[in-house]
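A, B, C, D, E and F are the chain letters, set down in written order, and residue numbers restart from 1 in every chain.
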Amino acid sequence: MTNTLDAWRIGQEPAYHAAGDEITGYAAAYAARLPVMLKGPTGCGKTRFVEHMAWRLGRPLVTVSCHEDMTASDLVGRYLLGPEGTHWQDGPLTLAVRYGGICYLDEVVEARQDTTVIIHALTDNRRVLPLEKKGELVSAHPDFQLVISYNPGYQSVLKDLKESTKQRFCAMDFDYPAPEIETTIVAAQSGLDDGVSRQLVQIGGKSRNLRGHGLDEGASTRMLIHAGRLIREGLPLRQACALALITPLTDDPDIRVALQDAVDACA
Amino acid sequence: MTNTLDAWRIGQEPAYHAAGDEITGYAAAYAARLPVMLKGPTGCGKTRFVEHMAWRLGRPLVTVSCHEDMTASDLVGRYLLGPEGTHWQDGPLTLAVRYGGICYLDEVVEARQDTTVIIHALTDNRRVLPLEKKGELVSAHPDFQLVISYNPGYQSVLKDLKESTKQRFCAMDFDYPAPEIETTIVAAQSGLDDGVSRQLVQIGGKSRNLRGHGLDEGASTRMLIHAGRLIREGLPLRQACALALITPLTDDPDIRVALQDAVDACA
Amino acid sequence: MTNTLDAWRIGQEPAYHAAGDEITGYAAAYAARLPVMLKGPTGCGKTRFVEHMAWRLGRPLVTVSCHEDMTASDLVGRYLLGPEGTHWQDGPLTLAVRYGGICYLDEVVEARQDTTVIIHALTDNRRVLPLEKKGELVSAHPDFQLVISYNPGYQSVLKDLKESTKQRFCAMDFDYPAPEIETTIVAAQSGLDDGVSRQLVQIGGKSRNLRGHGLDEGASTRMLIHAGRLIREGLPLRQACALALITPLTDDPDIRVALQDAVDACA
Amino acid sequence: MTNTLDAWRIGQEPAYHAAGDEITGYAAAYAARLPVMLKGPTGCGKTRFVEHMAWRLGRPLVTVSCHEDMTASDLVGRYLLGPEGTHWQDGPLTLAVRYGGICYLDEVVEARQDTTVIIHALTDNRRVLPLEKKGELVSAHPDFQLVISYNPGYQSVLKDLKESTKQRFCAMDFDYPAPEIETTIVAAQSGLDDGVSRQLVQIGGKSRNLRGHGLDEGASTRMLIHAGRLIREGLPLRQACALALITPLTDDPDIRVALQDAVDACA
Amino acid sequence: MTNTLDAWRIGQEPAYHAAGDEITGYAAAYAARLPVMLKGPTGCGKTRFVEHMAWRLGRPLVTVSCHEDMTASDLVGRYLLGPEGTHWQDGPLTLAVRYGGICYLDEVVEARQDTTVIIHALTDNRRVLPLEKKGELVSAHPDFQLVISYNPGYQSVLKDLKESTKQRFCAMDFDYPAPEIETTIVAAQSGLDDGVSRQLVQIGGKSRNLRGHGLDEGASTRMLIHAGRLIREGLPLRQACALALITPLTDDPDIRVALQDAVDACA
Amino acid sequence: MTNTLDAWRIGQEPAYHAAGDEITGYAAAYAARLPVMLKGPTGCGKTRFVEHMAWRLGRPLVTVSCHEDMTASDLVGRYLLGPEGTHWQDGPLTLAVRYGGICYLDEVVEARQDTTVIIHALTDNRRVLPLEKKGELVSAHPDFQLVISYNPGYQSVLKDLKESTKQRFCAMDFDYPAPEIETTIVAAQSGLDDGVSRQLVQIGGKSRNLRGHGLDEGASTRMLIHAGRLIREGLPLRQACALALITPLTDDPDIRVALQDAVDACA
C-alpha cells in the first residue's frame, strides 16, 4: 500500500471460466467507465471474476471487504498524528481513484451510510472524490472504475442500497458455474485429478438443492476446493468433506445426514 | 476545493430541457434569494437542473450528497491539527456562504439533525452561518443561495424535515421528462441516434408504469443513458438493457420477465 | 461573535404588531428577570416577537436554533487546541450570560438533555451558569434573561421538557396574526401593496383551516411573505403561490387541489 | 469554583418552614454522616430544604442538576490539556468530598450509570471517591455528606436507581407546604402582602387537585412566587396567573378553563 | 492508589459472623487460586465477607463497583497525556494482578462486555492480563485472586454472564444472617445495645417476608445499622425506621402501612 | 508481547486425549493452510485442543477472547501517542500474521463486524492483513493460520457469522470427552487419584443429561477439575461439588436438588 498501486497489480492470470457474455458486458461497461454491481450468492466467483477482468484490462485492483462499522474515512483516508504533526494517509479507494485502479467494494451495503456521498460523486458525470477532511476534490483518473458486490439473498428492508444509489450501476448476475466448468476449476485449484473433482462438484450440486430446505446456501466452489486440498494432503474423501463442507454448512442433524448421504452417494 | 470557488464553477452549459416554467420560477427565487427545495423521484433531473441554473446564473455550485452519518461539521468545517497547532478548514457549505456560491444539499433529510441550526439561520432574514466551534458568525455573501432536494416517496414519519424547516423553502416538483425531451437527452448524452434513443425512452416509460406494481421506481433517465453508452460500445440492445436497466432494477423473476418483454417489444 | 455582544445588537426596530397584552406581559417578566417560554405554531412570529422585545428593551439578542445533536457544550463553550495549548471559547449562551444579553433557545426541547443542568441553574434563584469543563461558575449579568420557544403540536411523550423544567418558565401563547395585522406585515416585508397582500393573507387563512384535515400546519406568515417577494420579482400570483405555499406544504394531490382552489378563489 | 468551597457557602439563611420533623431527622442523618435521599414532586421545596440545612449546619453546598448525558467525569473531574500538558480539574463532587461540603445531586437517576461506582464507594463504610483517571483515592472529608433527590412520579422501570443503590440512603418524603406556610413563603419571596399571597396559594391548591385529572403536576410553590412577582411588577392577577401558572402548566383547553375558573374564583 | 497496594490493605479485622462453611470453602478456593463468585441479595454481607477473607488471608483488597458504562480500560488502565507525552496509568485490576491483591468486581455483570477478555485470560490456566493498549502481557502475581459478585434476582436474559464465563468460577450463596448473628452485627456497628438491635432485626425480618409481595427486596442489614445509628443520634425508633427503612424501601402506601405495622409491633 | 512471538510459545506439551480423527484432520488443514473453526459447547476442550496442536506443530499460539465491544483495532493494532509522536503498536493478530503464529479468536462471533474485513482478506487466496490505519498490507507469514471457535448453542439470528464468512473455514465438532478420557484428564490436572476423578466425571455426565431440562449447559471438564482441586485442598466432595459445580451452574432450587442427588449418588 505504497502511494502507487504496484502492490495491487495482479501478476498472473486468475483462471476464470465464463458462463455467458459477462466478459464482453463488463468490458463494455469498463470502456464506458460505468460503475458495475455484481450480484450473486456467496463464493460463486464474483471476486474471481473481477480479479480476472482487472488482469485482462491491465488495471490494479483494490479490494475492500465492507462491514457494518466501516465509515467513509476507512475508504477515503484520514489524518494521522506523527512527529511532524499530522499527515494525510490515502485510503484504499482514494488510491484507486487517484492512480487509476479498479476499486472493488465487496458487500458495500454493509458499510455505513457516509459511503453514499462517495459513491454518488464518483458514479455520476462528476467522477470526483471529495476528501472533505483534507479539503481536496480528487478528479478520478481516467482509468478508475468502481465495482461493488451485492448478495440479493442477504438484504433486508432495513439495510439495502438506496434506490438513488442502485440506479447508478450496471448490474450482472452471477451463479455457481456449470458442472463441467466447476470440475475444471476445482481440479486446477486443488491439484486433484478430474475424477475426484467431479465427485466433489456432484456433492456441491446436491448441497445446493438443499437451499431453502434447511440450508441458507449450498456449498460454494471455494468449499469444494478446500475439500480437494484436504484430500491432496492425504485425508480420505469422507473426512475431507466432513471438515470442509458438512460441518461448516450446518449444525442441523437432519441436514447433516442428508449431506452425508450426498457424499456417500458420490464417493 | 481551494479557498475560492473556482473549482466549483461550471464550465460548459449543462444541457437542460425545461418541462414547464421551472426556469423562470427558479430565477425569481434566486433573485429574491429565497431558498429552494427540489422535489421528485430518483434520477429525473433535479441535479441536472440545479447545474443548469447555476451555469445560467453564473454562480459556482457546491454539491453535497447527504447521508445519515453526516453532521453539521461535515458541512461547516472543522479544526485540523497541524504542525502549527490547529487551523480551521472551511467545509463545502461555508465556502459557498462565504464566497457566494449556490450550495446544493442532495437528500438533506438524510443528514443528522444538527444541520437544522445551519439551515434555519441561513434561510430566514438573518442569512448567517454560525461557525460555533470557530466562534465566527459568517454573514452570507449576497450571491449565496441554499438549494436542497427531497424525494417524497422516500420519507418516513421517523425521518422527515421538521415542519419549521420545510416552511422556509420555495418548492418545485420534478418528474421524468416528456418522451420527446427525454429522447433528445438520451441521444445527446449517449452519442446514439434518435431512433435507438427513442426505443430506450419507450422502454423507460414502460418500466415506470410498473412503479407500485413490483418496482419501487422505474428506470431513470440516467439508466437509459447508461444503456445507450453500452450500445455505443458495441453491445446489442438486449444485453445493454439487461446490464443497465433490468438487472439493477429488480431481482424479482416476474418483474424481470415484464421488463424483458418491454425491451423485446421495443427492440 | 467577538467577546462582547455588539454583533448581537438589533439595529433597527423589528416591526411587530401586538395581538394582545403580550408586550406588557413580557416586559413585566423581564423586569422580574423571570425566564419566558413562547408557545405556538411554526412561523407565527415568536422569533419576531423576541427580536422586537430585545430591541425595545435595548438588549442584545443571541438566538440559537436547537437540534437533537446539540449538547450543552455547543451552548456553553469549549476548549480549543491552538498553538499556545488550549484556550476557552465562550459559547453563545455564555456570552449572553456574561455580558447581559437575552438568550433565545429556539425549540430547546430538541437539544440533548445535558442542557437541563444549564437551564435549571440559570432559572432559579441561583442564576448561575456552571462552566464545568472550565471550572468556572458564571453569575448571570443582571440584564441577562433566558427565553425558549416550544411548539406544543410537535412534542411527543418521548421528547418533552421535564415538568421540573417547564415549571421554571412564564409562558405566553402565540398564534398567527389577525388578518389586518398580517396584511400589514406581508405588505411591509414583501414590498407589495395592500391589495395583493390581503389576497395572500386570505389564502393563508384558508390553508390554516385545512390544519388537521390533511395538513400538519397551515401556511406561515413567512410563506406568505415569500410568495409576495416572488410576485415582486415578476411571477404571477398563481406561480408564486405554487412555489412558496402549495408545493412546500404538501404532496397529497387532494390537498393540493384544495389549496389551489383557495388560491384561485382569492386571485 | 476555586479549589476551596467558599463560592458554595450560603451567606444568608434560606427561609424554610418545617412541615414536620424533617429538620431533626436530617440533622441526625448528618450527625451520623448517612447519605440522604429527598423524595417528592417538582418545586415543593426539596432544594430549598437542603439549602436551609446546609446553612444551619454551616456547610458549603454544591448543587448539581443531573441529566441523562451526565457521566461520572462530569461529577468527578477530568484532565484538561493546557500549555504545560494536562492538569487535573476537580469536578463539583470532588470539591465537596475533598473540602467537606454537602453535595446535592438533583434528580441523580437521570445521570448515566457510571455514577454508581461513585455513589457506592461514598456511601458505605469506605467513604472514598476513586478518581480512576487520576489514580487517586480521595478519602472523604469528615464533614462531607451526599444528598440526592428523587421524584417517585417520574421513574420508569427502565430508569430507576438500582435496589443496591437505594438501600444506601436514608429517605425523607416532601410535599407542598401547608397553606399557611405556603402563604408566608409566597409573601416573603414575591414581596406581596399576605392577602394576595393567600389568593395565589388557594389557586395553587386547586391546581394540585387536578393532578391525575389532566395535569401531571399542580402548580409548584415556585410558580406561585413567579405569579406574585409579576403582580409586583404591575400586572393584574389574571394576567400574572395566565403567564406564570396556566400557560406553562398545560395546553389542554379544558384544563385551562378549569384553571382559569380557579383563578377567577379566588380573584 | 499509589503503585503498590498499601492503600488497599485492610488494617482492622472486619467483623464477620459465618453462617456456614463459607470460610473454609473460600480459603480452599484461594489456596487453589480459583476465582470465586459470590451470589446473593443486596446488602446481605457479600462485600463484608470478602473484606473479612482478605484480612484473614493478609491480602490487599481492591474493590470496584461495576456499572453499565464501565469498559475494560476502566479496570485495566490507560495512557494519559502529560508534559512528557503519554504515560501509562495502571487501573485497579492491573494493580491487583501485578502486585498480588484480591480484586473484587462488585456486580460485574453490569460492566460492558470487553471485560470478558480480561476475565477469561485471568481465570483459566493462563492467569494473564493482556494490556492490549500497552502491548504488555502481565502474568498474575501468585497471590492474585479474582472475586465477583452476582445478584441472581437482578439478571435478565439480555444482561447476564455468558455461560462460558460463569463456568470459570467457584460460587457461594449468601443470604441475610440468622437473627442472632444479625443482632450482634447491628449492635456492633451501630453502637446500640442488644435489645434495640434485636427489635431492628425483627423489623428487618418482617420486611423480608414482604419480598415478592410488593417489595423487590427486604431491608438489608445495612439499613438496620443505619436505623441503629439514627437512634444513637437521638431519634426515636419510629422516626429512625421511617428514615432508614420504610421511606427508602417503597412508595406504595399499602406496603408502607405494612412496614409501619411491623415497626409498631416490634417497638 | 514483545515484537516476536516467543512469549506465545507453548513450553510443555498440553495434555490432550483425542476423541477421534481430529488431530489428523487439523494437521491436514494446517498443512494446506486452511482456516479452521472449532465448534462445541463451553469448556469441552476446544482451547486445549488448539494449544495441543500449536505445540505439536511447533507454532506460537496467540489467543484472543472476543467480546461485543471488540473492534478490528483491538486485533490489528493502533497508533499510540508518545513523546516522539505516534508509533504503531501491532495487535495480537498482526503479531501472529507477521511472525508466523497460529491466531485463535475465541468466540469471534462476539466481536464487532469490522473484524470481517480482516477475516476475509486472511482466509482467501490473498492471505493478507490490511493495516488500513498504517497504510500497510501485511502478507501473512507462510506459517500463519487462523483458528476461530464457535458455540452453535449460543448464536441468535441477530448475532451470527455471515454465510460468506463461515464458508471460508474448515470446521470440526467438539464435545465433552468420553468418560475414560475425561477421568484421566481430571486426575492429571487436579492431582487426585482415578477413583475420585471417576466420581466427578460421573457427576459431570449426569449434569449434562440435564441440558435442555433446566440447564443451559452441563458441567464442563474445567468445572470437574475445579472440584478436584478443592478436594485436594482438603474439602469434602460434597462441599467441593457445591462450590465448583452446583452453585455456579444454576439458581433453580429443583435443578439444584437434582444436581445434589447426582453428587450423592456418586459419592
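Everything that follows uses one rule, which is that a contact is a pair of C-beta atoms (placed from the backbone, for glycine too) under 8 Å apart; a residue touches a chain by one contact, two chains touch by 3 or more.
Given the structure is predicted, the values throughout are model-derived calculations rather than measurements.
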Chains contacting each of chain C and chain D, listed by label: none
Lowest number of touching-chain links that must be crossed from chain B to chain E: 3
Greatest separation from chain F - chain, by CA centre: C
Between chain E and chain A, distance of the C-alpha-averaged centres to the nearest whole Å: 52
Cα-centroid distance, chain B relative to chain C, in whole angstrom: 30
Chain centre separation (chain A, chain D; CA means) in Å: 60
Residues of chain F engaged with two or more neighbouring chains: 81, 84
Chain B-touching residues of chain A, taken from the complex the two chains share: 21, 24-25, 28-29, 31-32, 34, 37, 39, 71-72, 79, 81, 84-86, 112-117, 120-121, 124, 126, 130, 132-133, 135-137, 152, 162-164, 166-173
Of all residues in chain E, those that touch chain D in their complex: 1, 7, 42-43, 47, 63-70, 74, 78, 80-84, 89-92, 106-107, 110, 151, 154, 216-217, 219-220, 222-223, 226, 229-230, 232-235, 239-240, 242-244, 247-249, 251
